[in-house]
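Shared chain: chain A. Partners: chain B in the first complex, chain C in the second.
So, the complex of A and B:
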């Protein structure tokens, strides 16, 4: 019996290592890198009301409770969004949120994220989340489909209320557009 | 022992060695940022593994096991799942499983005082007040979506049976199966198991799941070669399970039935049987924009029979709950439950030797409110009024402080009550409720990306602890009866995820429970260490899972200590198209150790049972979509 188990164990380990060697790097994109690039594309396809900023002022992408997305955004630092260099920052409170153009609420945002959204008023901030429990309260919500594609839903009313003009291309690419 | 440790460590090293190549080839955002958006929308994403999150709102140090963990680590029963969790230890005799953790430890009390919730239905029987999680349990693990163990008293929400904690089982939906799934299992000691499940979510919103399974096994082999150390009584057993679940709009209907047969190795007159079943109907509806009402009606049944003896009970109840969303995201929950335990019986030769019926009315609620942006408070209480007993109140106050995302401190104090079970009332003279005063501090911290730590300390004071056993046919001796017990402990758990999906969870639990005269209690290991390492080895298709459990020494029935044990299980699981399969080697190093079980006067035994030795388990399945 011992011998049988030892053989099974060795075979298991051998098979595992052989298969691991064979594992190839597939042409697929890690979820959080993809989410960061989506945020960049959302920024490109949205018009903010003029704030009278100089062109060297940063375009601020703020992240609350989404460490992985914030990490992935670092690779996009300095890229131009409507002429302004992209800058990503992690915010902690309602005061810091005033400087944001785009606010991403990650899965760690929880209840504080909800309160942060409540306190935004009508500030011209594009709100995005990948947390299903916050999806009702933001302009753009991200969702991974069954086919493992990253899709997004738009709540048009929530964008318009913040004086944001979403381009027709963005609306066309959305999975769902809720007008209300 | 040293040999064991070396074997386990070398397995871990081998295991980590094979993980390296998979890490290559990760793309970063800057490499794909110039790809047209339209094209990205069509590109497959590698979904990141998540650190498992608790879904219950309890201010406790919750342990979570998901459907993926069940597959990765080859868990075959709910008992396997529980024994992988922080601080919990599961032991067995030939018939039942026993739970140990956080100061509760007496196997003669079975697994009472921790409740089991199956999709909101409270599953303990109403005679012994115990839960069933091995082959006598209601649910096949393949139907489980997630299991949460919520340590600390849940009596504020669920009453008596949740006195020292709650195990919350959430089952899969029909849509999660999406067709017909069949599986067959084979393993050591004549293990044979078959299962057919059908599940579907229809266009009109109806979700339906139906599953049946059958198991036969010739029990366990002893891990010891020196068999006289252990109780040699092991039985063949088998079970049949049926589970159905359907939901449509605000309605959901669920039913589960189990028959478990025990075949004695000595004589068919010792053959025994457990029957367990429930029916549960729920309806939820919004009353206006900020009030949600849920009504739950349930019926439960349990019978144990051994030749001419039969015992068990039947019960039903109705629970009505309102969830009210107030301004500022505050929440108020109010509920009322009526439960009728209309039958609690013990029969010999068709003659009722014990009979009881009792009714309980309960009021419960909690108020969840913000004191500041980063400080939240929850106050909850439950009042239970049962038959001729005085009403009991179980309140709890918790403060939750989250100074920044990823950092949470939870502090709670509470009192809980447990009325004696019907079986205890038939045996004990003193039927005062057991009382618990508890305090717990929990710190949950994200340490950078994909690492999380949970630390907890707790202190329980337990009064009127009612446990005992029959020393002969006439004498029931209550053990530690009415003595105060004091339990203290500390727990630490670390979880880390690598980019390629490798997941490591390590936990350490230290616990110490003392009687008033500083005696330690039986079957309580002071130290329990768990390690779970799961990793993909071939894309998303194949995973290896290593589970290691160390359970420290504990005091046995005979006032001597049993040594600690170190056990390692290895599982290879995978999916290929519509096929799925698992191969496990459990107790790889063939560790020899005893588990503590029921101490019965008629055995003349020691209550020690040899744990299962090295054994192999194979599962193959196919899903027709």
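So, the complex of A and C:
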């Protein structure tokens, strides 16, 4: 009986959501733009250890191997993150990575991306990726759920190791939180 | 005068007093109650308002991150915590571009919103709803828009309860003042209605005797009561004076004709009833006209007074003497059974009146002719008796004056003959 009800319910839900999706398809936000917004939100909900920077110094969001996300981030240029204007930049090597607050490794990062990560040491940089192969070595990894929704997993141990404090609000919204 | 004023005028005093006290109670309580209800309304409304605002602020804090990430599930979850607040009707969370992210409504179905405000933080107070609209911020950046609508039903329930309690309080006060005013009214109206009854009694029974009860209180009612008493006393005094004027001959102090006739009727009635006899004696002065014409009216009047004095001297105390007019006097002698006694009395009278009198430096001598008839021996009607006494008196006058005659039927024949 319950099963029948569930089937009926899911059928109606499917029908209505299919209609809604058709209606929303035109104005649907592109995935990379959404990822850029997510990066901005992560920055908002994370506390960095004080570095003694002046407030007009930028908050650097570095992108490696994700051109589309980088371009999408340009739309958020200048927005305040903890009082500092957001600035996005593409980096190519481990030297440039030192100035980053947040490092996004795109799907194209590949092996070079892993090398970049290895060279970070314990620098206070929030690492984010959407490359499943790098997921186990970054603090926040973007995933797409079964419901085609963009979600994220958090490895709390990695964040703590870099002296980053993630807001409980962020943790609550995470798809998975791995404490170790 | 308006209808109400007229109506009020014709109410009895207790009803008037009762109405006035009730009106006073209402007048005193009405401002207090309205001020209390107004104050209660404002303070409860303000506390509900701030409660709703605090609630909205908490929700917007909790929902901020989910809004930023567009996380519908989490936002729904946060909004559904509103279920714990019983007065929340509905809530909606909009993204920056206006698309709804999450909704909550207590009945499941979304209701019509009280109004859709522009996108500024505000609280709108309606008659039965409060709408709180707040921006949702993640850090400094605005990520969404939250509206929560709360019912004002508890406020109305509370006001209703308050009004009911006030009504009960008013009823109790009216009942208490009713009891109090009944006692008060009793103290005021009972003496008044007593006085009214007394006035009716006086009017109906012409009874001017002093009332048994006179209120001894020092207030207006006591004063009215005493004034009424004084008025009755004045009426009694006037009546006494009037009856003296009506029954007394002012010159001699003897009974006048009217009083004498009343008394004669009584005596005749009594004689007829009890079988005891009475005698009517007519007495006419001889030469009075001469004295009056010679010495003047003043001497004539003094003479009449002297005659009255002598008559009183000679007669017994229970004989009734009256002056019928001019120089005519009459006497009723009760229990006059035997003619001999009457003859003696008549002789005494004739002698006494023929003795000279000194009146205002004048020596005057007159005489008297007396005739009498007896009841019931001669007649048992007043008119008959009067006529017989008159006949007897004329017979005495004719017989040479200064003498007396008892009535006998022969006298009538003599008169007819002459």
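Methods note: the second predicted complex is superposed on the first by the 153 of 180 C-alpha atoms of A that agree within 3 Å, B and C clash if a C-alpha of one lies under 4 Å from a C-alpha of the other, contacts with A are read in each partner's own complex, and residues count from 1 in each chain.
One rule holds for everything that comes next: a contact is a pair of C-beta atoms (placed from the backbone, for glycine too) under 8 Å apart; a residue touches a chain by one contact, two chains touch by 3 or more.
Because the structure is a prediction, the values reported are computed rather than measured.
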Can A:38 be said to touch chain B (first), chain C (second), both, or neither?
both
Determine, under the contact definition given at the top, whether A:79 touches first (chain B), second (chain C), both, or neither.
both
Just chain B (first), just chain C (second), both, or neither: which does A:173 touch?
both
Which holds for A:108: it touches chain B only (first), chain C only (second), both, or neither?
first
After the superposition on A, what does A:118 contact: first (chain B), second (chain C), both or neither?
first
Comparing the two partners chain B and chain C, which touches a greater set of residues in chain A
B
Dual-contact residues of chain A, meaning touching chain B and chain C, are 34, 37-38, 41, 45, 79, 169, 173
Could you list, by residue number, the parts of chain B that touch chain A in their complex?
14-15, 17-22, 24-30, 32-33, 35, 37-38, 40-48, 50, 53, 329, 370, 373-374, 376, 402, 404-406, 446, 448-450, 499, 537-539, 542, 544, 570, 572, 583, 585, 588, 590, 614, 616
Flag every residue of chain C that touches chain A in the complex, lowest number first.
64-66, 68-71, 74, 138-141
Chain B touches which residues of chain A in the complex?
1-2, 4-5, 8-9, 12-13, 15-17, 19-34, 36-38, 40-41, 45, 64-65, 67-68, 71-73, 75-76, 79, 92-94, 106-115, 118, 144, 147-151, 169, 173
Interface with chain C, chain A side, in the complex: residues 34, 37-38, 41, 44-45, 79-82, 167, 169-170, 172-173
